[in-house]
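The two complexes that follow have chain A in common; it is paired with chain B in the first and with chain C in the second.
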Partner chain A sequence: MVHSILSRLSGSLAAIIGASAIAFLFLRVLPGNPARLIVGPLASEETLHAQMERMGLHEPIYVQYWRYMRDFVTGDWGFSYGAGQPVLVQFQLRFPASIELGIYAFIFAFLAAVVLALLATYRHRPVMDATVRMLSIFGMGMPPFWLALILLVVFHEALGMFPGPGAQLSRALTPPPEVTRLLTIDALIAGELRTFANAFQHLVLPAIALGMLPFGYLVRLLRANLLDVRNEPFILVVRSKGIGYWAATVRHALPNAFLPTLTASGMIFAQLLGGSVLVEKVFNWPGIGSLVVDSILRKDFAVVQAFIIVSAVLYVFINGLVDLLYGIIDPRVRG
Partner chain B sequence: MATEPEHVLSVRDLRTEFHTENGIFPAVRDVSLDVYRGRQVGIVGESGSGKSALALSILGLVRPPGRIMSGQVLLNGRDLCLLKETQLNSVRGREVSLIFQDPMTALDPVKTIGKQICEGILHHNRGTSRREARRRAIHLLEDVEVPAAAQRMNSYPHEFSGGMRQRVMIAIAIANEPDLIIADEPTTALDVTTQAQVLDIFESLVRSRGTAVILITHNLGIVAEFCDEVRVMYAGRIVESADTRTLFRNPVHPYTESLLRSVPRPDQAHDGKLFSIAGLPPSLARLPAGCSFEPRCIAGRGKPLCQESRPKTTSVGEVHASHLAECHFARERHEAQS
Partner chain C sequence: MLRSNFDLSLSLFVLLLLAVLALLGPVFWPVDPLAISLRETLQAPSLAHPMGTDHIGRDIFARFNYGAKISLTVGIVVVVTGAVVGGAIGLVSGIVGGLLDNALMRFMDAILAFPPLILAMAVTVGLGGGLETAALGIMLTSVPYYARLIRSDVIRIRRLPFVEAAVASGAGITRIIVRHIIPHTVSTLLVQAAALFGYSVLALAALGFVGLGTQVPTPEWGVMITEGLQYALTGQWWIGVFPGFGLLAAVAATSILADKARDLLDPRGQYTQL
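Here is the complex of A and B:
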């Protein structure tokens, strides 16, 4: 047991170090000098060299890497020259919005996938099944930014059901005191239900736009798994005890159908938490995705690097969580 | 009428068809079957002869594209084909239950054994507390001779051997003391010694409780040991039915005779070669116009009568219709034997 935990932890650490090293290397090898961007195109060679000196760019790359990682773990994530802010501050400002959107997008994708997969496999109804399969293909094939635009045009412009882009909360409302930095959660903690409802409304459209693709993938996976599990003899045995169709499905088929989707769900969740450029752009969402893209365009190394490391940590963490969940749901894994 | 034994199950002209893209497969063709209280009836036949489809039809658990087309399944006098799903759910597990062939896949891998036994008990006994159900489940595990029953309640199926799992299956099947248990190849997946143990436990339990059993198998040895009566199925029909002793001594249908001859018998001399039935069973989608066994028959192959017309069920028994065979030559063959 201890051995397996240790080997897993060292594997996680290796993954994070590997990702950070590769990111570091690639960003240095790319053409363009970040010091030049800071001092401007008209600065003299002397000024440029002085700036490179200050940034440590003249040192061998492994020294740069070592220094960077040492600073990173102590909370010094570098300085973003593009934004004129420490990277850590930028992340604190932008990451929560992405995480919140990611969580809601995942909840939407997962719940919709479960419900529709159940409907698609209920008895023998080819029309329902075909509809769900179409939705799945639609979800996987639709460009999220385009879906985002359509959602805005229909539900914001035409029907006025949901608020438009540009904010996480209506201007009339004051944000709740910061605890988790996730607006809906903080609103609930502060007991401000109106703020919660308002923040939630702002989340609906972007969450759907972002969650559509994972929904399409998950519903397909779940549908296939449910059909497989339903043909297992143990479902027949459960039914022969007198247990009805739905009870047998919810109690026995669904938990078994979840097992193979768990890994995929974890990956999807990690990816959603990492923010999405296009959807964030369309909704003008103050998330991490748009920050990273802007930083790439500005050659703002510090931000991109920090993002890659944080993403790696996120993936590793969620994978660990998935392993833990497997142990809870599947007794065969516990061993 | 007092001497007449009481019916538990009476299947009348049951027809189950599978409507697929490749055609219609009548897996059960107008089958009638009687099971009396406390009697053990074996159903034998090759794979694909419709044994399992018959079992699932009785329970009303045939899955699409399969469908019961016509006929009656009278369980304790009530036609299950006319019941609604919710009514069936109160019959299944309480009046009739199922033991499935493959113990490896017949239990939910992510639920404890205890939960899976309690599920049926709680379903049919509203108002039973979980603790009471658990107590009964432990008793059931003791009945099927699972060692350390109380501790094993919290184990998962993968922690059990095949034989132990099949004992758990038996415990689940007898949990609500049903009148009829349908055991579909209950010991096929087990090795021979385990097979004998499990079957012994099962037999003593059903005999002591007076439970009727339909034992579906292709193992004639198990039938000889366990069953009071035998039905032989071929291509969706019951082609011969008799009590076990009669069937083994005087098989009338050529198919039954061939089946018996293809089993090695240590008490009889052999010339070294075991008999085998030539050919394969016919496709249910394209049954011959005449007798469905004609192309493989030791008695009637090539005979115009067998090729052209389907044989009727003929009684050859001395006592009231106890020995039936579906063969044009049933009478002749029976007389030739005696």
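Here is the complex of A and C:
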């Protein structure tokens, strides 16, 4: 047990170090001198060298990498010259909006996938099954930014059911006091139901646009596994003991069909928390995804580098959590 | 069975239709996709303009056809080069094994740990932008998927009896690799390539959407969706909606094809078909 935990930990660490090292190397190899970006094109060679000296750019690359990682761990994530702010401050400002959107998108994708997979496999109903298959293929084939546009045209422009892009909260409302910095949760903590409803309305369309692709993937996986498990002898035994269809499915088949879905969900959740570059752009969502794209376009690579490390850490951390969950759902894994 | 054949013929038909639009579009719809006509701006779809016109009066149908050509061409080029590079890495890794295998696979894992779109964007910006560099960036991010798959396939195949028989009858290593191992990985490679075609097309559109990759006057589907975005909320939905349908059709059709091909190659996995 201890051995397996240790080997998993070292594997995770290797993944994080590998990704950060490649990001670091790659962004350094790119044409363009970061010091030149700061001092400007007209500065003399002398100024440039002084700046390079100050940034430690004359040192060997592994020393630079070591310094960067050491600073990163102690909370110094570098300085974004494009935005004139420390990178960490930018992340603190932008991450909550992305996390909130990611959580709601995940809830949408997961719940929709479970419900539709159950419906698709219920008895033999080819029409329902074919509809779910279509939804799944469309969900995985649609560019999320295009779906976002369609949702805006239909539900905001034509029907007026949901607010348009550009805000997390209507201007008339004051944001709730900051506790978790997730608007809907803070509103609930403060007991302001109207603020909660408003923030939730702003989340619906972007969450659906962002959650559609993971939904398509999860429903496909879960449907296949449900069909698979349902043919196992133990389900026949359960049914022959007089337990109803739904009780047998929900209590016995679903938990067994869940394991592959759970693994996939972990990876999906990690990705969603990292923000979506494209959907955030369409909805003008003040999240981390739009920050990273703007930084890439500005060649402000300090932000990109930090983002890559944070994504790798999230990815590893959430997959670790999923492994723990496995033990709760499937007693065989505890051993 | 009937239904699965229907799926198959429908997706083949859709792909064929897109290919015809891409190749023969300029023949039967000879409108310049770049021709500006300020007298016909923002027109709704009509007989004269089946998909309407955009904010400077360009015909969206002509642009759609041109976009089909770009997306399909880039999709094919990215998939072929990615499969060759990834396949080669997988082959070397699986055959040589040991330290080299370990190093190559750790490298592939590290690439997989990146958010894929961000990596493709960073590569594109780093190499100077434009359609070719975008294609290169997307290709690089797809390489690990091929490499890992082919590696495990090679490791499986080289233990099979017929390889042993070839060794026993005195075949050299080159002959075994070229005549016995590579032909058996082709099917896996093809299925994976079909599955990654959709990813490549969508990624190109995504890069175009954020302003990397294809540059503005070129009618690429992602770029067209960006242009349509500003007009979507003032009622001119057709500018951005049609190119998205093109993407959806291309990606959905190839993913159905990939599924079918996988079922054919792996009869035991029948139930996973969707």
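Keep this in mind: the second predicted complex is superposed on the first by the 335 of 335 C-alpha atoms of A that agree within 3 Å, B and C clash if a C-alpha of one lies under 4 Å from a C-alpha of the other, contacts with A are read in each partner's own complex, and residues count from 1 in each chain.
The rule is simple: contacts are C-beta pairs under 8 Å (C-beta built on N, C-alpha and C of every residue); 3 or more make two chains touch, one makes a residue touch a chain.
All figures in this text were calculated on a predicted structure; none of them were measured in a lab.
Taking chain A as the common reference for superposition, should the pair chain B and chain C be classed as clashing or as fitting?
On the shared chain A, the partners fit.
For A:Ala312, is the partner it touches chain B (first), chain C (second), both, or none of the two (neither)?
second
Touch test for A:Trp146: chain B only (first), chain C only (second), both, or neither?
second
Now for A:Ser240: first (chain B), second (chain C), both, or neither, which partner does it touch?
A:Ser240: touches chain B, not chain C.
Quick one: classify A:Leu321 as touching chain B (first), chain C (second), both or neither.
A:Leu321: touches no partner chain.
Could you figure out whether chain B or chain C reaches more residues of chain A?
Larger number of chain A residues touched: C.
Let me test your reading of the model: by the given contact rule, A:Ala190 touches which partner, first (chain B), second (chain C), both or neither?
Neither partner.
Could you give the angle made at the Cα centre of chain A by the lines to the Cα centres of chain B and chain C, to the nearest 10°?
Once the structures are overlaid on A, chain A sees chain B and chain C at 80 degrees.
Can A:Asp330 be said to touch chain B (first), chain C (second), both, or neither?
Touch status of A:Asp330: first partner only.
With both complexes overlaid on chain A, what's the closest CA-to-CA approach of chain B to chain C, in Å?
Distance of closest C-alpha approach: 7 Å.
Kindly list the residues of chain A that each of chain B and chain C touches, one partner per complex.
On chain A, no residue contacts both chain B in one structure and chain C in the other.
Within their complex, state which residues of chain A touch chain B.
123-124, 231-234, 236-245, 251-252, 255-256, 259, 329-332
Using the touch rule from the top, collect the residues of chain B that touch chain A in their complex.
56, 59, 61, 63-65, 85-86, 88-94, 97-98, 100-102, 105-112, 119-120, 123-124, 156, 158, 169, 172, 175
Going by the contact rule at the top, pick out the chain C residues touching chain A in the complex.
Going by the criterion above, the answer is residues 3, 106-107, 109-111, 113-115, 117-118, 121-122, 125-126, 128, 198, 202, 205-206, 209-212, 222, 225, 228-229, 232-233, 235, 237, 240-241, 243-244, 247-248, 251-252, 255-256, 271-274.
Can you list the residues on chain A that touch chain C in the complex?
Within the complex, chain A contacts chain C at residues 14-16, 18-19, 21-23, 26-27, 30-31, 126, 130, 133, 136-138, 140-143, 145-147, 149-150, 152-153, 156-157, 164-165, 220, 223-224, 227-228, 271, 274, 277-278, 281-282, 292-293, 296-297, 299, 301, 304, 307-308, 311-312, 315-316.
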